[in-house]
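Let me begin by presenting the structure, written as structure tokens, before commenting on it.
By letter and in written order, the chains are A, B and C; residue numbering begins at 1 in each of them.
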């Protein structure tokens, strides 16, 4: 068991001196306190989260012309419109390809840059951090034309490759900075111990840091995925082929000039959001397996 | 669990990388300006308002065209209406325009200024189309370009009309307004704040100033955008009076929400029963038909000025343009001619609920049987109707009307700016832009 | 800009300072990032700076040409909307970052506790983050609209007048957009804080317990110091992001009524989208860029967040 060096000597002394002391008595009886502290705020926040989603479901599932606040009788006409009529079946595959590629590429590049930021001192580091930040200072809409020219030169216009590249470029700075913060939170001693055992730096990284980075990888990876999944502007501008568009472009089709189809917009929204929420529901449990579980075993 | 996560991740990585590489290597980044292979020419066509309500009918017409012209293939691309100008801007600057594209006259001037469009007078003069496209609309379009050439051809004819809820008018035993006095009386009679119903819906948000122009010129009967000295007529006393009267409805005979109304909010109020009248063009017909069904709504020409003339501000028609950079202009023009031919034009407009631009198609039974379109057609053809061409050729036109005067119109509604000051500022900007334009386009 | 200057690490119980291996490794590690940014962003961002010194209006090509500092002069001396939109932007950023941080922190602490169906609840409260801009605006516009929204539904049930138009009054419109953006933004903070909470060394809590620390003291002296790095960075990134975030405001209010909710980037968007004045739009962007740059440097200094700390 690798014990962590604690700088607060008082804490250290206490810890080595004695065993566990029960948590201090709470002024409130347990259940009431849990309601006030946990379930109450959670219910309030859950409501805030749910109402807009509920509204979306109401519009997606109720038949045209109904203004009932419940989606009854259920109608799937809107889903037929977006899946078959608007072409979501194609857009969906394109979006998956782009978002998964961006997620993977971003994570790899960001782990490398994040590790460098967290574990090395090197000349130009401050400038590098500022450059990362600077990339976030200009709205994408102001960069469309030069980017279009670049992608045209490398023959990536009308190619999903352009979306993968540009979404990755825009996700990396954020991801790299977050990665470095997370890596810095992992004690260097773990790595050092492994290196003293004869591991190379890379081996030490894989043996000690990587397993502890699951929450960070999941958080950063899902941010990159979602950022790419939802990008509208680049998809619309760099693609001029109907069969290469992505879901956000499909969603915007429901907002016509004279015909805003709220039902189709909501149904498209459900199609766009359900897979992401589902994937999120699965990976969120990895958010909690990290140092707390792993460090103690060293 | 880390291991399984990692191996899954590895598999996903490799699959995605393989797919991405395949995509890049297959060289499918084809140029959007079309290509020819084994005798078949592919032209690209961009729809400026793509979506489930239009795309299927374009696809059907494309199928018919390709069947009749086996040597031409048309590549359809639907673009969301809100972002289409940005898409054109990027494509023009970066070099990736289509062969033929849907455009609206409201932004055609900007495309012409960048030499992005090809004159298509020859298509209008072709054997099948000559004399068959509404000449009043062609005049409006010609006014967009300083060389008076045609850079777009209209697919539909449009005009602002007064939409009203015929069911609510019947319930209150009101007749549809023919004069502005009738209009204001009806607006009052149909208002019942307790029941959350109002007589009128003002468009205060996006597109609001353009709608206001329509209302004020119809009210004042002023027949030109500029007087003989080149001064804008926007602050004509009768126009100011119209602005005052409409603004006075706000919050009383209209919902307070109207200050931010764009088209969709205004239309939702009308279809939802909150507002009994609204001013919009024929374009919203399909929307009302879908949400309300026949019998609950009807259209009437804009109320007449006191002397009985109806003054309409020319609506920006929707149509097609051929792009300068196209490598296949002949094929693009052929497709354009096909789209505007009587049968195609009739098929298209019938399905999207618009008034055909082809005069032969306008005679079709379905137009005559559609009361709203019939009102539009009769109004346009009437000798008492006068059309005011607004200066959409001014490069600053959109900026003045939308970004500068839009927020000020909201200030007028909220009582923070007087109608007079508002109209004076608007007229001033327009007069200056006109003088600047005249100086740069002598003759 | 000497961010590399060693600043003593004040918060985290830092491991003893030790020398790091120098050499090429860090440069190799950051190379992919540098190459990508140089290849795809250097020229586009540079062109914004270039056009800020030009007259460049795509509808008036005959007036295009070098303008010197004319765009900037106009902005600072003759454009009240610039100052007004800058003020609105500052209020917007401060409101978003502060509220997202507080709510996100609370939410992360709550869902870090153990309770039934925790996984499901987490997925649920985090899900707005996964919703695209097009959709988020669509949903909230529906919800606020007096004829399709919640107020209408309530009035059908006999509650309220129905003529509740939150987007039509400047103050209520601004608050409405802030609430809608919080819906999407709080999970961002919550997810990052939750992920960082997992790396609080368990020993520290044990030690604190041994010390007899209460819940609040454990939070104050163990959790918060540990989270500090993540919070500081997230606040900075979020401030920059919210500064440039326009999609919700653009669709929901269009900057109105009467420009009262127009932020600087929305003003830029309007220059590019309706006025086609890319020269002036670029100049506004350059000023935003410089404001954000100064803000970031000062923020990193003041919070002593130092990328070189180890």
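Basically, a residue touches a chain if its C-beta (ideal position, glycine included) is under 8 Å from a C-beta of that chain, and two chains touch if they have at least 3 such contacts.
Since this is a predicted model, take the numbers as computed values, not measurements.
A.B. asks: Quick one: label the inter-chain contact graph as line, ring, star, complete or other.
C.D. replies: Shape = complete; every chain linked to every other.
A.B. asks: Contact counts by the stated rule: is the higher one at B-C or A-C?
C.D. replies: Looking at contacts between chains, A-C has the larger number.
A.B. asks: Express in whole angstrom the distance between the two chain centres, defined as the mean CA positions of subunit A and subunit B.
C.D. replies: Chain centroid spacing, subunit A to subunit B, equals 39 Å.
A.B. asks: Taking each chain's centre as the mean position of its Cα atoms, how many Å separate subunit B from subunit C?
C.D. replies: The mean C-alpha positions of subunit B and subunit C differ by 36 Å.
A.B. asks: Give, as an integer number of Å, the spacing between the C-alpha centres of subunit C and subunit A.
C.D. replies: Using C-alpha averages as centres, the distance is 15 Å.
A.B. asks: Which residue numbers or ranges of subunit C touch two or more of the other chains?
C.D. replies: Residue numbers touching two or more other chains: 148, 152, 272-273.
A.B. asks: For subunit A, jot down the residues that touch at least 2 other chains.
C.D. replies: Residues 67, 141, 145, 252, 255, 289 of subunit A each touch two or more of the other chains.
A.B. asks: Which positions in subunit B are in touch with at least two other chains?
C.D. replies: Correct list: 86, 89, 93, 272.
A.B. asks: Using the touch rule from the top, collect the residues of subunit B that touch subunit A in their complex.
C.D. replies: 1-2, 5, 9, 12-13, 16-17, 19-20, 23-24, 27-30, 32, 44, 46, 49-56, 75-83, 86-87, 89-91, 93-96, 98, 263-264, 267, 272, 283-284, 286-287, 290-291, 293
A.B. asks: What part of subunit C is in contact with subunit A in the complex they form?
C.D. replies: 1-4, 12-16, 18, 20-22, 25-27, 29-30, 32-34, 36-37, 39-41, 43-45, 47-48, 103, 106-107, 110-113, 115, 119-135, 138-140, 142-143, 148-150, 152-153, 156-157, 183, 188, 191-192, 194-196, 198-204, 206-215, 226, 229-230, 233-234, 236-237, 240-241, 244, 246, 265, 268-269, 272-273, 281-282, 285, 288-289, 292-293, 296-297, 300, 307-310
A.B. asks: Spell out the part of subunit C that touches subunit B in their complex, as residue ranges.
C.D. replies: Residue list for subunit C touching subunit B: 57-62, 145-148, 152, 155, 161-163, 165, 167-169, 173, 253-259, 262, 270, 272-277.
A.B. asks: What residues of subunit A sit close enough to touch subunit B in their complex?
C.D. replies: Touching subunit B: residues 64-65, 67, 81-82, 85-86, 97, 100-101, 104, 141, 144-145, 148-149, 152, 155-161, 164, 211, 214, 233, 236-237, 240-242, 249, 252-261, 264, 286, 289 of subunit A.
A.B. asks: For the complex, which residues does subunit B have touching subunit C?
C.D. replies: Residues 85-86, 89, 92-93, 109-110, 113-114, 193, 196, 204-206, 255-260, 262, 265, 268-269, 272, 274, 395-396, 398-399, 402-403, 406-408, 410-411, 413-414, 416, 440.
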